[in-house]
Every structure is written in C-alpha cells, then in structure tokens.
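There are structures below to look over.
Next, two complexes with chain A in common: one pairs it with chain B, the other with chain C.
This part shows the complex of A and B:
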C-alpha cells in the first residue's frame, strides 16, 4: 500500500509517461515513412503511393490524437505534482520545453492539419513540403524534450544560487550539446523509426498472408523493411551504451544494468546472466564473458569501470561534504551576510544535492548519524535486479528485431517475400516488440536515475508538491480511468481500420470498400 | 543587452501576448466547441461546424501548450505555485482537454449516431470547461489566492478547491465563457452560411450582451468590493528574485491605482467594450472577417484589463501577502529570460506566417457539399 505523496506522485508520473510513450515512438517513426511514400508518389506519379500515404496517414492520425492528449498531461504534471522541482530547476528545465513549443510543436501541429485536409487544396509538391515540415517538427520536438531529459541525467551548464534558492542556467550551449542528450536523442528517435517500420511491416504482412491488397501491401512492406533495417542498425550501433560512460549518473546505471558489484581489473567481464542479490549486494551466481564489458563500456582495454561498492564509497564522501553544504545553506538563508557560512557553501556546493539525501532520515541534517549516512549512500544505487533484467529484455528484443528486419530486407530485395508465410507470420508476431522495448528503455533510463530527479542536484523525495495523499489517489484514479477508456477506444479504431485496410479510403481501388 | 528590470517587464508583456494569442486562436475553436450542440441540428450541420476548425484546432492548441511552457521557463514560481495550488482545477482543465483531440479525430470515423453524439458532447466539454476555469482562476487571482512559501521557497496552498468557486470568481468565469463563445460564434458566422450562420449570429448577440454586462459588473465589483494589494516595502526591480524579501499590504481600491498612475491604461477596458460592440455591428453588416478581429481585440482588452489592474502582482497571496508573486520576484534568471526572448522573437513571426498560410489554404465557407465530397477525410 502506497501511503505517501512521493511514491504516489512517482507512480502517477510513471503511469502517465509510460502511457504517453505508447504513442510517441510510432508518431516519430511513421511520419518519415509517410514522407518516403509521398515522395515516391510525387516523383513517380503512381497512384498507389498516394493511397499508401493516405491510408497509413489515417492510422497515424488515430495514434497521433492520443499522443497529443497524453502529452498535455506531461506538461501539466511538472507543475501540479512536482512543484518544488519546477521551482528549483525551472530556470533551466523550462526553457527547452518552451522552445519545443515555439520551434517544433507549433510546426508539427499546424502542418498535420494541412496534411489531412490539404490534399485537394495544395499542389503535390506543396503537400509533400507540408508532410516534410510535419516530420521535421515531430523530430525537433523529440530533440528538445530529450535535451530537457538529458539535463536531468547529467545537469551541465547550471549552478546553484543561494539567493534565489534554485539552480540557474550558466551555459545554454552546454545544455544543448550535453552528450547525454545527444546520445538519448539519436537512440530514442531511432527506436521510434523502428516502431513505425514494424507497424507497417506487420500489418502489410497480414494483408499478404490473407492475399488482400497485394500490390499495396508489397510496396508498403518493402519500404518498411528497408527503413526498419536501417533504423534498427542505428538503434544498436548508435545505441545508448556510448552514453553510459558519460557522467556519473550513467556510471551508476551502467553498474546496475550489468550487476557489477565490484570494480574489476580492466577490461571488465560482461555478465550475460546473473542473479543479483540486493541484501548481500553480490550476485548469487553469474555467467560472465571476459573482456566484453570493458570493451563496450570504455572502448578501451585499460580503462576501469567502477563497480557499485566503489561508487557507494565515493558517494558516501560526497554526502559528508554535502552535509556541510546543507548546514551552510541554512545559515545563509537565515542571514545572507554570514560570510563564514558562505565560504563553506561555496566550497561544498557541488555536493549540496548529496547532503539533501539525508533529509529522508532527519530534518536537521547536522544531526545525521553515520548509520544515516550509510543508508543515504545505499540509496544512491537503484535496485539492481529491475535494471539488469529490463536492460537485457530490451536488448534481446532489439536483437530479435535486427534479425527480423534483416530477413525482411533480404527477402524484399529478392522480391519473393509474399510467398514466405513463415517470414510474414513472424513479422506479424513481432508487432508488440518495439513498444515493449521502448517502455523498458524508459524504465532503464528513468528508474535508473533514482533516487534523483536531477542527478546529484535534487532528490526525488524533495521534488514533489505539497499535496494530500487523498488528492493523489483521486487524480491517479482519474488518470487510470480516462486512460483505460481512451486506450480501448483507440485500439478499437486502430484494429477496425487496419483490418479494413486501404478500402477505408473509399477510392474504389481496394478490397473491403466502405459503402457510400 | 537589456537590463534585468526591463526583461522582467518584457516577459510580463510576452506572457500577456501568449495568453491573448491563446484566447484568440484556441479560443475560437473552443467557442465553436461550446456552440456545437446548439448551432448544428443534425449530423451534417455538426460536421460543417466541426470542419470549420478541423484543420486548425491542433495548431491552435499549441498556444496553450507554449503558454504553459513559457510560464514554466519565465515564471517558474508562478508555474509551480499555481499548478499545484489549483490542483483540482488544473486537472479538470486537463481532463476536459482530453476530449478534444480524440473528439475531433475519432468522431466521424464511425457512422453511428450514439458514437457521434458522445463525441459532440465531448467537444462541448473540451471547449467549455477550460475557458470557464481560466475565468474562475483570474477571478481568484484578482482577490488573492491563499498560499505561502517556507524559507526554502516550497509553496503550500492554504485553501480548498471549493474556495475557488466564490461569487466574484464565478462571475469572471461567466465573462470568460461568454467572451470565448462570442468569439467562436463570430468565427462560425464567418466560415459558414445559411441556417448555421444565422444561429451563430443569434448566439453572438446573446453572448455579446453577457460579455458587456458581466464585464461591467465585474469592474464595479472590483472597484467597490475587492481589496487590491500594494507592495509596501521599497521596490527593487533589478534585484535577484526573492518573493520573501518584500512586505505587502491590502488596500481598498488598490487595483485602480495603475489607472490613476497611467491614464492611458484606461484604453484597455475601453477596448474590452469596443471590441465586442464593434464586432457585433460589423457582423450585422456582413463583415464577418473584420468582426473576428474586432472580437480578438476585445479579448485582448479584457485580458489586458485584468493584467494591468494587478500589475506588478501576478499571483497575490491572501493568506500570507508577503508571499505574493510579482513581476519582479517570480522570474527566471536574466540569462534564461534573454534566451527565451530571442527564441520568441525568432519563432513567433514564423508561427504567425505559417498559421496564416494554413488558414489561407483552408479558407472559404465550409458547406454540406464540402463535407459530402470529403466524406472519408473530413472530420
């Protein structure tokens, strides 16, 4: 039973973010497939490509509606449920969100109206331009959101100000070119591209298995296979792994993902499978491959990767230093001219967030006992087993999709894929994989950031609004209720139109035409 | 570059511009949502009504989202305090907004009267609840909201949701609803013809009267019955923002002070009246496009009146006046304000340009024939 505002706020955020992310990757990926299909139509003039753009566009629209609906929740929620967070880091975090609106979301949303309604009002080239602008808007949107998210993982270009009691931006370029944000952007949009490709590939396979709309489905399958193969390679090659060596938050994640309790001599071995034991802080058993981890993690044979125990020991020191910063800050907030306290604060400012971790155990950080400091240091490590397994499942599904898209691409080059029922059935069965792996990716990135909202700066439990437990239960129930109904409605429409196929366009050229 | 104090004032203006932009753009499609069940008598008529905003509501809604983002970036304390303090009111707005994307996109995808009727009422809720609640919120801001900060600037809301629903705030909610329905009605009159157009014009007359009467009543009430707030300590506009560094007192008639100080500010309430009246006259003469912009100017006048009456206050605290948030002490750092200003100056003109293009492409009257011809692609 959850009985406190922090856990309930986290649960609500996780539910609404995971739900939002059921719709976002498909939008990000499918929009480029629409661009490809329409570009082929404009270049070749073949009607089937326009029909493809319109039909897949229709499914895109059904998905997009829920993406918009659930996206507003995310923007509201920082203010409604994470008010102290919003105050403490709004100076930095708010800017990319606002710029996302100005630069990307306006463009995307204005163009999507013209995409659906402008077919008879725009020339072919103008309409293609609209589709391209919509795709650019969608992807820029992802960029700014991930710049904001990247900053939560690796808070660069900002400094704490005791006068305003918050973090303030010092270097916008550092925020933009944060390596974490860049790695996340590439990884996340590529995962979206895979999702879009899988969606078109699976449904096209279904038509081919039924022998319906064969030309339409063949052309869709080919585009999806090529686009998906390129994208899945990009997800894996440009994957997040490179990002895990940057910044401390990512080091902890890396250690937890790999269940690396101790620092090994370089190059570290890779735990293919293991059974992490949280109480003993060891693995009960493990199957390791020598060298591999060191090579993946550091791209070298000589650099060490810190293990969990070493990271905890370092964090313990930072907590002790942070205790001094918290006490000094309290003194300075009481009396802004206390120059001795100011000096201490200045010296220990970079560990202030670590000191704040002790607020979980005592209101007066000065009185923290060594046991409390130990416990706080233990808190800096997320639970290992969920990280270890989420990551492995995600990567496993990525590899499965690599094989599927490789096979599909190969078969589409040979051109005989419609006579390969096993491939088509496999493609149909794999439909849920990109969604599952995207959700697991979120878990690895965001659950793995705990106990922080902003790594090293602001603990999660201090980030919430002053709300009652009853309010949280009420809003959570509301979200679950609304979202369940919306999902049922969305799935019903999606299945209905996917089953009917391009006949739903009412052009008279396909099977299952809608009656006029 | 600009100094900090000027940036603070510019951002007060820019937030105002974004709110007015939201009221003009998202306002007209919300107003259309409110009027939908009343001006569309059968399915074809309702589809005509919905398709006047079909290609545009999505882009228009971004005024709201960007407005929220800009308040987050420029006034983080206001964003944090208002959104968490007005928790249930904000959730009501959010949940009402849920009905719009799905209502627009899903309604006509299935040819079933019950299905379509459910979404029609969904669009009504999505268009009616948000302006009503924003009006109520402004009514509460004008009276002060019960909240306070601790020494670490953690805000606590001291009131209840029901406390927001006081008579003056409800009156402001009525004015806001009337304005937005009026604006939507004028837009509908511009984009439709025949019976729908006539019904829309009838609604414009009714809501216009409510607007004028409600605005007058709220003005008298504000002048006579509601205490304003004044900063009673020395004001340092260029100081680092710290809402706890000042003292604030309440005074009868304080919200009229700015009109004595800057008599030109009287133009704002005047515009609030004139925009509405001129829009009604223009519409009577069949000049519906000009009427739309007159109505837009009227919206700006009313919103501007609320903003200027409170200046420099943004969110006064009724329970702990010293915690009140003002233009001077609830803002982001100078660097963030500068950056956001540059971003706004670059992108806002672009947004206006391509939005204008989108309306031009989709312009003209929406008719039953249009809906028939685009049966599978229109909403």
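This part shows the complex of A and C:
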C-alpha cells in the first residue's frame, strides 16, 4: 500500500487521466467519420448515408455524454494535490487551459447541441456545416490541452522569476508553436481518428457476420476502412515525428524508450527487443538492427544519440551547476539587491531545477554530498523497462492495425469483404487495440517525463501539496468509483444500441426494428 | 424515430445531471476542504533551505 503523498498523488492523476482518455479518442475520431458520412449524403442524396450519420452519431452522443466533464477531475487536483505545481507554472499553464474551456463550451458543446437537435430545423447544407464546426471544435479543444502538455515536456517561452517564485511567460508564440506540442497534437488526433475508424469497422463487421443490415454495414465498413487506413498511416508517420521531437528535447526519454544505455558510434542500432536490467544498468540481452535508430532518431548518418550513462554524467554536472543556482536564489531571496548572487543566479538559472532534485536527499542543497549528487543524477532516468515495453506495445499494435486496415481497405476496393469471415472476425477482435495503444502512449509520454512535472524545471516531489494520506485515499476512491460507474453505463448503452443497430432509428428501413 | 431518440436523449440528460451531482459531491467531500493556497513565500519555504528561510524571518523581525 502506498503511504507517500507524492506517489499517491501521481497515482491519482494517472488513474484519472487514463480513465478520461478512454472517452476522448472516440469523440475526436468519430466526429470526422460523421462529417464524411453526412457529406456523402449531402452530395448524393442517398438516404442510407443520412441514416448512417444519425446512427453512428447516436453512439457518438452516448460517448460524448459520458465523457464530457471527466477531465474536470484533473483540474480539481491542481488546486489540492498539485498546488505548488499550479503556483509555479500557473502563469503559462493557465492560458491554454482557459482557452480550451471557452472553446469546448462555445464551439464544441454548442455545435454538438445543434447536431442532435438541428436535423429538422436546419437545411442539409447548414447541418453539414454544423457537423464540420463540431469536428473542428472538438479537435481544437484537444489542441489547447496538448499545447499545455507539450509545454510540460519542453518548457519554451518562459523564464523563472525569483520575486514571484514561478515561471513567467516571455513568448506566447513559442508556447503555441512549440514543436513538441505540434507533434503531440497531430499524433494524438490521428490516434483518435484510428479509434473512431476501428469502432465503426468492428461494429459493421459484426453486422456483416450476422448478416444484418448488410447494405448499411457495407457502406459503413467501406468508409471506416478508407478513413482508418489513412489515419493509421498518419499515426505511424506522426509517431515517428513525435519520437524525433522527443530526441531533440528529452534525450533521456528517448534513451529510456530504446533501452540505450551506452552511446554508440553514429548511426546507432535499434533494439528491436531487449531485456533491460535496471540494477546493472545494462541490457541482459538484446536483438538489434544496425543503423536504424540513428536514421529514425536523428535523420542523419553522422549525428550521435547519447546513451543513458552519458546523459547521466551530463546531468550530474547540471546538478552541480543547479546547486549554485539554489544557493544564489536563497541569497537573492534574503536580499534582492545582492548583485553577486543575482549574477550567479542568472548564469546557472537553466539548471535550477536540477539543483532542486537534491531536495529529496537534503534540506540544505548546499551541503549535498557526492553520493547524494550521484543518487539525484540516477533519479533523472525514468524506469527503462516500462518505457521500453510500453513503447513497443504501442508501436506493435499500430503495425497490427496497419495490416488490418490495409487488408480491409483492399478488400473494400475489391468489394468482396462481406464474404471474408476471417477479416470480419479479425476486425471485431481488434476493437480494443486503439484504446490500448492510446493508454500506452500516455504512459510513454508521462511516465517518461519523470522525475519532473515540468521537464528540467520542476521536480515532481516539489510539485505536490502536503496533504494527508487518508484524504488522498478518499479522493482516489471517489474518483475511481465515479469513473467506473461512467464506464459501465457507457458500455451498457453502447452494447444496447450497437445490438439494435440502425433499427434503433425507428425508420422502418432496417432489421431488428421491433427488438426494443 | 422520435420515440427511441427522445428516450435516449432523456437518459443522457439524466446521466449528465447525475454526473454533475456526483462531481459536486466529490468536490464538496474531497476537494473544497483540501484546497491549498500557495504564494511566493510558501514556494520559497518548500524549495529553499528552511534554515535560510528562518534566518530570513529572523532578519525581517529584527528590522
């Protein structure tokens, strides 16, 4: 049982974030599927496409209703568990979160309301416009959250102020165009598109396997296969881009993902499989492919990728430089006019966070021993084995989905997919894969950021509030109970309506109209 | 068409309502009483050497 406030607060945030992200990707992806279906209806006038928009829109609505506000529990935690974090970075972090709130409320929610209640009130084209705006709103909400998250990974456009003891924004454009945030945004929304496509593909396959609503399911399958194939290709290409930006801004994360303990001559080899041994700080065994890591990680044949041992040695130096920054900060806080201390602080400010890592071992950073500095340098490495395996599982599932969507797309071009039970069964079995990959992606991104909340700036240990363990267990139980109920209700409603199929629209055009 | 759609809409409206109530309960029970106010001094107290901070306090008091 965890009895430490830092680990419990981390666990609580991880649990709420992972639960929340079970709802999000389906919303992000389904909304574009609805745009495509409705656009085809507007262009061709074929009734089945409107029925598709309405039926899949109904499942989208269930997911939206259950998922909306599930992110708010994370914002609750900023004021309780993460109050120091909130003070330290509130100046920067607050802006994108506030914009997201406004965007979600005005654009996304309004358009979603109009989508559901506007069918008989708006013209076809007006309704399609609403659906497009709903899709844009949903994706823009994700953009602002990922700008905030991107800044936690690569804190650009901000500077520490000793007067306010917080980071202050110096360049809003740098925050917006942070390469990490951009890479995260495109990779995450593509992951959502894959999720939406898989959802439609799997359920349509189930109808086809049962021989129900064949024309409806065939058309849905076709759209899902094409959209899914394009999306899975982009999630892979953009995942490669994410890996590249990680290598630029968070070298230690990349080295941990790849279980690269030592710097190799360029271009480095890629560990396809390995057994990382954290105690020996080596791999017990590995299966490597020459050159590949160097090529994808640096896009060159001559640039080296530093290994964990080398980065640790560099971090040791940064910790020593950070000790000077902490001492200078203490002096400046005592006397704001101490120009010598101000000079030292200015010179070592970029390593202040590294000096603060020593707070785990000593109250007075100035007196840290070489052993403490070594231990703090060791702390700068995220746990390698979970990173290595989470990443490989995410990528492996991505590749499996590439094959599935590739096969489905090819079969849908040939037009004979409903007579391929193996493909249909496979599509049904693959339903959980996008959700699993998304969750693992977040594990890679967030677990790999440890020991920082703001990479290189603020250690996680110093971000948490001093709450009681009992209150944390109480809120954790409350959150878990809340989310579990929501998930169960979501599953029940989804299964009920998916089983009923388009017959639940009550149009008289589909099977199973009397099933309810 | 209207019957099933409006039944689902009613159910979803209930779900959102119950969800807001649950969130309010969680807020009242676990969040509002535990909100922590943090300012520059409390951050300094946490991240800097406490001995230095108390020296600072003593100096301030002496002034």
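Keep in mind that, in the parts below, the second predicted complex is superposed on the first by the 500 of 516 C-alpha atoms of A that agree within 3 Å, B and C clash if a C-alpha of one lies under 4 Å from a C-alpha of the other, contacts with A are read in each partner's own complex, and residues count from 1 in each chain.
Going forward, contacts are C-beta pairs under 8 Å (C-beta built on N, C-alpha and C of every residue); 3 or more make two chains touch, one makes a residue touch a chain.
Just so we're clear, the structure is a prediction, and the values are computed from it rather than from any experiment.
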Room on chain A for both chain B and chain C (clash or fit): clash
Contacts of A:486 with chain B and chain C, given as first, second, both or neither: both
First, second, both or neither for A:215, with chain B first and chain C second: neither
Of chain B and chain C, the chain that contacts the larger number of chain A residues: B
Partner chain(s) touched by A:364 [first = chain B, second = chain C, both, neither]: second
Contacts of A:107 with chain B and chain C, given as first, second, both or neither: first
Touching partner for A:99 - first (chain B), second (chain C), both, neither: first
First, second, both or neither for A:278, with chain B first and chain C second: neither
Touching partner for A:471 - first (chain B), second (chain C), both, neither: both
Which of chain B and chain C A:374 touches, first, second, both or neither: neither
Which superposed partner A:416 touches (first chain B, second chain C, both, neither): neither
Single chain B stretch clashing with chain C - from 40-48, 148-156, 238-246 or 328-336: 148-156
Set intersection of chain A contacts, chain C complex versus chain B complex: 61-62, 65-66, 68-69, 72-73, 76, 79-80, 83-84, 86-87, 116, 163-166, 333-334, 465-467, 471, 474-475, 478, 482, 486, 489, 493, 497, 504-506, 516
Of chain C, residues touching chain A in the complex: 1-5, 8-9, 11-12, 15-16, 19-20, 22-23, 25-27, 29-31, 34-44, 46-52, 55-56, 59
Parts of chain B lying in touch with chain A, wherever the complex brings them together: 54-59, 61-62, 65-66, 68-70, 72-74, 76-77, 79-84, 87-88, 90-91, 94-95, 97-98, 100-102, 104-106, 109-110, 151-157, 240-242, 332-333, 335-336, 339-340, 343-344, 347-348, 351, 354-355, 358, 361-362, 374-378
Contact set on chain A toward chain C in their complex: 58, 61-62, 65-66, 68-69, 72-73, 76, 79-80, 83-84, 86-88, 116, 163-166, 326, 329-330, 333-334, 356, 359, 363-366, 462, 465-467, 471, 474-475, 478-479, 482, 485-486, 489, 493, 497, 504-507, 516
Contact footprint of chain B on chain A as seen in their complex: 54, 61-62, 64-66, 68-69, 71-73, 75-76, 78-81, 83-87, 90-95, 97-103, 105-107, 109-114, 116-122, 161, 163-166, 168-170, 172, 333-334, 465-467, 471, 474-475, 478, 482, 486, 489-490, 493, 496-497, 504-506, 514, 516
